[in-house]
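Per-chain residue numbering starts at 1, and chain names A, B, C and D are given in the order in which the chains are listed.
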């Protein structure tokens, strides 16, 4: 569970520097063309991620703390604003792939210029508000680092040449695989009771993890590990994608309309062998890896087929709090919860544009817990709430099973 | 709260007869053309509702209990199957308005024939399973009676002549208005604690209301009545539909794409007077009526604007259980909850096609509680869970406010 | 060639009366529900046709010639205006099926009231302008009589019960079949030269048939009859719908996207027998009937397959002018020409709203010549130019072949 | 009329070399990112054009004439096949912008490798068939050179920074402007008669320009020059885009749905000054330049407004054949004709995949004549038939007026 060990460097400024460097490290595997393309409206070009995370520091920190703030480029305020209505207009999201200018060189120059100004600012300023925004900016960039990996994976998967981003020998920091855990799936029993979930203490968390509050959880059992590829293949072979009785109604519509027959990155060759597209290129399906890149619909259908269900987010967090928690909670796959993404009781939205960070998305999405192999080291938390729509499957999302008792 | 008094006739058979008659009573206000048209994919022709509710009794009761069951018409099994994959194929939902044959006369003959067979069956058979299915069929037809009213209202609203279904003097049984309650909005305080929600006892309920279970609710306040037209008009006049800060992200997209500027059945004439389309035709906006026919997005935006929020379904049910509950819980507007529609802990789906009744819709929808002026007498319950997607606004849905303390 | 014998009653007024009656005769085969439904945006409800043809007389004749003209109903000017921007706003075309009110009874009352006013007007007025508009109104209503038949045929074909509009024994005036001609297909040779096409003389024609003008036609051969069902079936059996080499590029896209595998009203049962849906219900495919209800794309693909091509409209009209013309020119199927619908040299658009009748449609459509079994008696002409988009196939359109020499 | 002077180098091989170089010259103005993006399904990435034109020589020449032909890369046969079903599968056209691999370097290497093989082949082989295919390949690449300019112009126009591809001082070979001609518009009279149009002689032409044949043309007048920006601005200021009476029906739908208010690359600043986006960046609207980048609908609406019409292609070619032809026939804007793109009488499609070059597009498109400032030197001809759908406006298309007499 490396990601839980917060091996943070001593100072916020040095953690900020590490984070900035890591984004560049990811982009270094890509050509300028790779970094400029957008494969679907939900994804963004890598170049855009590099610019937007810079825009975040420029807008929310330099814009507030620099004495004589002047934007790096007047148009960037609009070009690289993702969704902050409080900041102003935004460039049309599905057209981000058309922004061939500014080119990669100019984006890197933008990063460099903002970083220089940030360093200067951090040397001479210090306040709780600044530290809080700095930490938020770091966490924000880490979130985009994961999106960079999921977005580039989706882009490369659209290419019939199945190009690999990473060499066969995996890099140390970016891995599109998981160290498999023990094979037998066991069930941990948890008793009913009032539990507390949500963040507490002074460490960083996103606003959506607060306030810590009580929930009543009925007794249940939780699986000791995630569902793996072998198990999911049995579902496919048993006709799971052809049997409407296993699917939620919207899920069945989705399967029919999109002609879904297997996980998005799987394909079966003419000899009946299954392959999985990864950042290391197309690989033979690895039997003990957790099944990844599933929609909520697929996760729920599998659970129904096997006679189990998906956890609520309270169940997941309660189980993760135990002295002997289930394995594969982190660094594997995000785990779909049967909990829609709603505010915790007493949740307060921050003032100003920064308040748009999380709160306005609390509708029509479902929560995922844990973290994936794409999540940057040090970013995950027990109380972390990730969220996506039910049909999203370009994220590294898998299945943790529970059952009622 | 007439609908809570279960003034049921003495026998199931007579309750069944009353229910069957009431559907015919609704249709009696309409021409054959009115009853055949479909205004949008979410709505169905009235004629189809009359046939489908009959199909339900034919398929699930006659099909199981008649010794030598023969379908009334071999094609009806497919034509009037709504969504039961366990029964077989279904006619394309958005094309229901193209089924000009069978005509209204044949549909009425179908109802008559099935009713005769049902009467004979009910005279000679009796079992718990039969009684349960009979009750489910009655409740099912009552649900469709409400949909008949919301669907015909939507259809007539598309007609620039603004035709009235009902004469100005309202009928006794079908009313598109509410007796307004006291004007001042007050706040009832409720303490934190473990509460029990969900159905208990032997009376009928839908499977989605079970099992009764515990939830922890933090302290909150609930409004003594629903938001009314005057209050909602203030939101419009304050620029509510133009201010993205008040809307959930999906809600703001919806407002922009659909160019929404007011509730679906409202319009403002050239002199600035507001009108509301009703089953009695176009009427001057009634200031003390609860505001009705809102999407979840509109309800949530209003709540944000006024500094409150929407209740969870546990909060709503807990408040409704009190000795002195808030007013306008029933017979007014369905009340949007900020709870997605999910299974209660321990929920079990029934075997067979009947298990498709509720469970498979438990995703991507939000719960509404209470009942509306369109809900048949005797159909509502404290534990009733209605559900629709967040953008739906052709239902009689309004706003109950709560606030955290 | 009954349709070429202009068996017109003695007076314009009596011809007008006959035309009005014939529309009612067509509608008499339908229920109010049949007459109110709209199966697709290109089609209109029968009731709408009845009202629109009445609106035409009311707007263009009563509105000009009645001393104290008052509209029958103020809203009808908009509701039943098809596309005349010069008259004002139009009700949304794809929503015509939602106009359940006014009902059939009111539409018939509208027809009756306008007819009474027309009769009175025709008794007391006479002028060339009035006669011209009266004739245009008659021809206009005849065009809609053909559309009534094609629209209702399309609507009934969407119904899985395959209902018949007409009894098995065909009515005298409405026939969904053709008397087959001689079986052998022969080729008539025509020499190159300057030919004259377009209307001449004082008889009625539409503005798009004028002015008569010269065109140069190279030598060609024209088929003695239309392609029949047997011949078209060979194209299907030879894999015609699977072979991109036979199709125009847009046609191949259309075949792929719409999954077209045979003419719209054909279907093949599980024993391999072919059936055709007609106004008399589903019928065994008749081998010697001209193949009907084809898109331009299908007609062109068949012609390519058989080594021929479709005629230009000049070629068609030139061949039809001969002393011994090809058979099946009229009363069978409209015949697709490889001529886009453009103005003849010197074509002038009339002043006022009536100028919108034809001219504004002269783009992105192709010409069809001849007439079909659905065309009213007396409506067809050698110079008649019908026109539809290349993908339209709900019209009674077939194949006349030619080949270059 | 530089483009009419066929300043071709002495040998086919040297002409081929010049053509190959010119494509590289165009791409040299662009970054790798510019060259990889696709702004809409109708356009293609520059990189794709570079590869596809190479594919054409590889497939149709090397594939036929090399003794031991081996494809450069097995996947390229599919990736860079535009629409030749006879060659096999094609990569999805709207997704060409997702092909970040092969990158620009690999595409240039592909060009280089095929060019080396071509040079060797041309040194040792010679036959009429080879020469014909070589010439077709040259002409094909020239067509794509014009598309490269229109596609990159469209892409850059989507960027709110309005980036310029070319420096303010125009390059010699690529110009996004026209030397304006005399200002007064005069009318040339042409007599009625049988004219001959279509290609004759042994010089290269596309198959769609043959066979030369006779057409009858009625007397008409043709404008001495193209409509210019000043004149088109008067149409805008007179409310041309708001007046349905000026538009063809499909054109009016297009204007309404796309909210078109001016030519695609024009915009009006807040002070009321008009600007035009060009490959040199945003420029003040030049009053005497021919108005460019219009759809057929816009061209036809302008002609109707001014009391003229668009020429047929026979009229255009007949006028261009005169001893004293109108000016601005070439090197300015392609000129919309009111002639749909159909085969000339006696037109024969070539055998094999090469037969897909032109013939299968002869439907649902309109002819444009002349050539534009983007057309490569030496590519234009009197008999050249360009073609696009009526709504296309990213091509350099303008207005030549005619009027009937």
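What we mean here is this: a contact is a pair of C-beta atoms (placed from the backbone, for glycine too) under 8 Å apart; a residue touches a chain by one contact, two chains touch by 3 or more.
Note that this is a predicted model, so its numbers are computed, not measured.
Enquirer: State which chains count as neighbours of chain C and simultaneously of chain D.
Expert: Correct list: empty, since no chain touches both.
Enquirer: Where each step is a move between two chains that touch, what is the least number of such steps from chain B to chain D?
Expert: The distance in steps between these two chains is 2.
Enquirer: Specify the chain most distant from chain D by Cα centroid.
Expert: Checked the centroid distances; the maximum from chain D is B.
Enquirer: List the centre-to-centre spacing of chain A and chain C in whole Å, with centres computed as mean CA coordinates.
Expert: 58
Enquirer: Averaging only over C-alpha atoms, locate the centres of chain A and chain B and give their separation in whole Å.
Expert: The answer is 37 Å.
Enquirer: Please report how many Å separate the Cα centroid of chain A from that of chain D, as a whole number.
Expert: Whole-Å distance between the two chain centres: 46.
Enquirer: Residue numbers in chain C touching 2 or more other chains?
Expert: Residue numbers touching two or more other chains: none in chain C.
Enquirer: Along chain B, where are the residues that touch chain C in the complex?
Expert: Interface residues on the chain B side: 31-37, 39, 47, 75, 78-79, 91, 95, 97-104, 155-156, 158-161, 163.
Enquirer: Looking at the complex, which residues from chain C come into contact with chain D?
Expert: 83, 85-86, 192, 194, 213-218, 220, 244-245, 247-252, 296-297, 300, 309, 312, 338-340, 342-343, 345-346, 360-364, 390, 404
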